[in-house]
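Consider the two complexes below, in which subunit A is the common component and subunit B and subunit C are the respective partners.
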Partner chain A sequence: MSRRVAIVAYAQTKHEPDKDSTREFMIQEVATGALRMAGISKADVDTVVNASGDFLDGRTISNMKTVASSGAYLKDESKVEMDGAFAAFYAYTRILTGNHSVALVVGESMASCYPGYIPSILSLDTSFDRPNSFLHEISAAALQATYYMHKYGITESQLAKVAVKNLRNARMNPFALRSIQGISMSTILKSRMLYSPIRELCAYPFTDGACALVLAEESKVWQLTDKPVWIEGVGFCHDSYYLGERKLSECESVALAAKTAYKMAGVKDPKRDIDVFELHENFSYQELMFYEALGLCPKGKGGETLDARVTEVNGQLPVNPSGGALAANPVHATGLIRLCEVAMQIRGESGKHQLKKKVRTGLAHGQHGLCAQDNIVFILRGGAE
Partner chain B sequence: MRNIAIVGVGITKHVSKRRDVNIPEFVYEAVKAAIEDADIGIRDIDALVTGNMPGFEGVNCPELWGGGYWGGYKKPMLRITTGGSTGSSVAQGAFYLVASGVFDTVLTMGFEKQSDGATTVGLESAGMSDFVAMRAYGMPELDPAGAIGMFVFQAISYMARTGCTIDYFDRAAAMLRSNAAKNPYAHIQQQVTAEDIADTPMIAYPLRFGHTCPTSDGACAMIVTTKEKAQKMAKKPAWVNGWSSCAEEASIAGLHGAGSINIDPFDQRGCKFAATKAYAMAGIKEPQKEIHLAEPYVPFAHQLFLYPERLLLFNEGESFRQFDQGVMHRDGRLPICPSGGVVSSNAIGAAAMIRIAECALQIMGKAGERQVTRDVHTAVAHGLGGQANFNVVTVLGDKPAGR
Partner chain C sequence: MSSLSKADVGEVRGNRDAEYNYSVGMYMEKFFKASKERKLLGIRCPVCKKTYVPPRMICESCFAETKEWTELQPKGTVLTYTVAHVNVDGANGVLNDLAKPEIIALIKIAGADSAIVHRICEAKPDSIKISAPVEIVWAEETCGGPSDIKYFRPTK
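For the complex of A and B:
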């Protein structure tokens, strides 16, 4: 792998619960936005990777009608039906081979057009789990949360505290869907209980939104930007479908993905080497589990790490200064938004939620499946080197 | 870029309904066959690339459920889906992952267990999203008649522009079904004549029942690896020397959208674009002379003539005349679809991958009774998806490309 690949431009929509738009217009908005930022037209793009889902789009072959809006007409296009961060990985390998120099990655989702948690029920084992319908995205998460809390003595107020932290950060993020004034512990603890112990504000909001990135290989990078954000490491991993087969109180696939990414990027101690973390936490408890899996603290100490305030925006290990997926979660775009937010922090373009400290290296994470079954971890680094 | 090769292939027998297994168990059969074919273990697999068209069996992202059954436990896994071309897009995902140097050995599989769901539901949800266009073309929106509703336009256009007639389609289907009779994995294995096909009812003019593909349960898996490992794993690997894909605006229904134009489904310039790029990558200058075998994606009989032309193997409008001279038959100069093609077995997500797998088997000399009589040094495989707007082309050879 001699070639290097960098993120050179990005764009995301304002994320909303019910956008007065269509998928095609959302995609076009972010695709043209990202290309404009790179100062290029669609003629300069070699390959396009879309991230969307047939079940969420409610149509078979969801990328069929988004060829024009994503600028893929007469180009080498493909679709990754996973979180957008996986699509970014696929675009990255496409560039590494040398077949393509500039790639556009687009992820989108319109939750206002699909029936809530139903698509997650439709991903279940058809012979047992689906007809019994005990499980879906949020009930499975409630099981995991309960087990994790029981095993390590994590309290409900700690879960709420994650939401307070992220939603406070979201107030500073103009793209966030959730923007709640005067957020406090009581706001979170008064929100509706969905599945114990998960409350409404501790779960992601259904979101309409899209995000796009432009990736380019080293020789092209400097023509497109003077602030490239290099992809230094990436790892991803699939875990068992059966919750009983997993070590449910740990996110092993996050740990394995991070191990690969750290090794590739030469990260020895993530606490020392990484300046900012953007995690795809569908539920507040997951953020605590990810702290542990990513090596930010020992097993079971996620709650203590949170209490020590090191993961706050002005802390030593800022996690989700954008507000994370609790602020906005357009499925299939969320992981891309994490990459986008890290790139913005490294380039110093985050505006009101820009960290005070100098950001050189960042970690972005994406997930797919029940209880974070598939995970991907990117290490991004800025600078001329 | 690294040279890469296919070292193992597994295909299940295609049938209408496999009631004895569920989706993960069914796909496992192909995975096991591919791993045994390459004579490796699941430990040798570094990553998986998988895909299918979830609307056809009604399971959202079935790899979440099935990944563990296929050796994906605690391994990187990627899901790629692009419609009918899914199988070839998935395979190209594996090619990119290996050629980029990120992984050494990748297991890739495409599958469809259509008997678990309703094929028409899967197809209609693709068509219904564009009902305004469908009405404009006189297609009843509540009964778009599946994929044939779109491909009859292509067939008529082909006839009008080239002078081809329906009896050629009868003969094409007869050849494909007879080829399938020699293929142990094919769904419809019939030794039939053109007269038998001509006797079948007209579904939508000009395509008869005998011209159309069945709905199958089927799965295909392949092992893709690096040059160094391929030479250890296989006596004669099938080298993947060139690949490319091209997206066009959806034809027929491409009336609205951002600046879209209305494309004649006969045109298929995306296929020419993709083929040109793939040949260039494989170092093939004159495909008409240098390609020895082709597996185009032929779910409807007229495409046996259309796609070889778009793959630049024949001049435009000439392929059915060449067919008359026996060029495309199993013992011909340029055998096309010796496997029997998609007309004989169509498991959506597997079909386009099987085109690549069949080319690989012919190059490895492992095609059994359907092995063609001529020597095969190079072959081209094609996948078609979306509303005939995704074309995916792969060029294989018996020697690695010199790069």
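For the complex of A and C:
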């Protein structure tokens, strides 16, 4: 690869259930925040990529209205209707073409404005699953969780333990939506049962929030930061649309995305070569399946890996020191926040949730669709070379 | 940033009722014509011989057009399930508590390689198990649509 690209600046909002704000203000807050960190203005940005959802924004081609707030007026701008990490990938490849040097990537959504789980029902096939309406993101996740737990003997308390870990981490993250004092297994296990085995605190919270990154090409990087975070590897993969046609016991598309990203970044053993993992787990069981898919443990050993405490904040393989998507999930921004959080860890700017160990290489994951149908994995690395 | 509370301004409604006329497509048309006659149709991939129900036009692993229609028995086994304690409110998308929990399942149809998402009735939620045999209960009056399969129940 002749050109190299780095994350040079970032910003995220405080994630909240009902922000006293608008989409435009949220976008402007993170866009200007990221540009300010890079010490540049709108004029220095070559391309803008937004990530948002028409069904979540309630408008078709919703980025038409957010041109002003994302600093894209009379600029090269386009949108990804997927997780924001895909928007980062798109911006990355635009820079690799050689036609652009600096890109601004923004992801946002406002759950306080959209009708809860209805957009996920509207994503279903219109001739059978949608009219039947048994399926949506939580019932789908519950079907997969039951299958996975049955196949590998994963327990409900292991699902709860993921939530305890992530929500404890979230207490140290000032941007997190969920901040629950004295969180314990009983807090999780007493939370409302939604679709068995998924309880309210084992599912993501509806979130208002946004995130922005500035990406730059190598020759520009040093003018914008002395702490670049290089994109060293990336891969993504799509699983089947239909749940009944998927291999439900594993996240094959995460594994394939990771394989591509590892190969590109020269990661031979993720357990040895990666210092921090920020995963987009909409539901606690998914984090265990992702351990397996990312090669942190063999198939079916996600629960044991959790029990061994290696994925805790001071463990050997820290997963979601930010609290992950269980702490805040502004859809279309969540994967971008994972990239932002890894960049913060590598730059030593995570504040109270900064890992004690030296972080040089990190993995950021984004997903979209029922039961993580679509997945993207990035490998980021700090350092001057 | 404004600190207006919601009560300070009138309600502004910008909603439009919009009807979309989706075609069910040639394959689902055939499936629904059969379900009207209380028959379950699947379709087989000519390459890998996987049978899909509901029928898919393309076998995605082979990237081949499916062609061979096959009538399936209206029964199968529970691949996985969830007990729903809530459902999604059709108006605002929030979760409302159900008076009685319901069973939602992925049901692997006998002789097929895919599974149907449906509900299981005539069963207590704590009695349902993975691999349990279940059968289709057809609607009293079938109309050639998704409601023809009323629900599944444990095989008697």
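We take it that the second predicted complex is superposed on the first by the 385 of 385 C-alpha atoms of A that agree within 3 Å, B and C clash if a C-alpha of one lies under 4 Å from a C-alpha of the other, contacts with A are read in each partner's own complex, and residues count from 1 in each chain.
Everything below uses one rule, namely that a contact is a pair of C-beta atoms (placed from the backbone, for glycine too) under 8 Å apart; a residue touches a chain by one contact, two chains touch by 3 or more.
This is a predicted model, so every value here is computed, not measured.
Q: Once the shared chain is lined up, is A:Q144 touching subunit B (first), subunit C (second), both, or neither of them?
A: A:Q144 sits against subunit C, while subunit B stays out of touch.
Q: Report for A:Y242: first if it touches subunit B alone, second if subunit C alone, otherwise both or neither.
A: Both partners, subunit B and subunit C.
Q: Where does A:G116 make contact in the superposed view: on subunit B (first), on subunit C (second), on both, or on neither?
A: After superposing on A, A:G116 lies in contact with subunit C but is clear of subunit B.
Q: Quick check for you: in the superposed arrangement, does A:L194 touch first (subunit B), second (subunit C), both or neither?
A: After superposition on chain A, A:L194 lies in contact with subunit C alone.
Q: Counting touched residues of subunit A, say whether subunit B or subunit C comes out ahead.
A: B
Q: Under the stated touch criterion, which partner chain does A:L370 make contact with: subunit B (first), subunit C (second), both, or neither?
A: So A:L370 only meets subunit B here.
Q: Of the two partner chains, subunit B (first) and subunit C (second), which one does A:I61 touch, if any: first, second, both, or neither?
A: In the superposition, A:I61 contacts subunit B only.
Q: May I ask you to decide whether A:P131 touches subunit B, subunit C, both, or neither, giving the answer as first, second, both or neither?
A: second
Q: From the superposed pair, tell me which subunit A residues show up as contacts to subunit B and also as contacts to subunit C.
A: On subunit A, the overlap between the subunit B and subunit C contacts is residues 25, 119, 126-127, 240, 242, 245.
Q: Taking the complex as given, what residues does subunit C use to touch subunit A?
A: 1-3, 20, 22, 24-25, 28, 52, 54, 56, 60, 79-86, 88-95, 104-106, 108, 113-119, 130, 145-147
Q: Taking the touch rule as given, give the residues of subunit A at its contact with subunit B in the complex, in rising order.
A: Its residues touching subunit B are 1, 24-25, 28, 48, 53-55, 58-61, 63-65, 67-69, 72-82, 86, 89-90, 92-94, 96-99, 119-120, 122-127, 235-242, 245, 252-253, 256-257, 368-370, 373-374.
Q: Mind pulling up the subunit B residues that touch subunit A in the complex?
A: 1, 22-23, 48, 51, 53-56, 58-68, 72-83, 89, 92-93, 96-97, 99-102, 116, 122-123, 125-126, 128-130, 244-250, 257-260, 269-270, 273-274, 277, 281, 385-387, 389-390
Q: Within their complex, state which residues of subunit A touch subunit C.
A: Touch list, subunit A to subunit C: 20-21, 25, 114-119, 121, 126-129, 131-136, 138-139, 142-147, 150, 192-198, 240, 242-245, 248.
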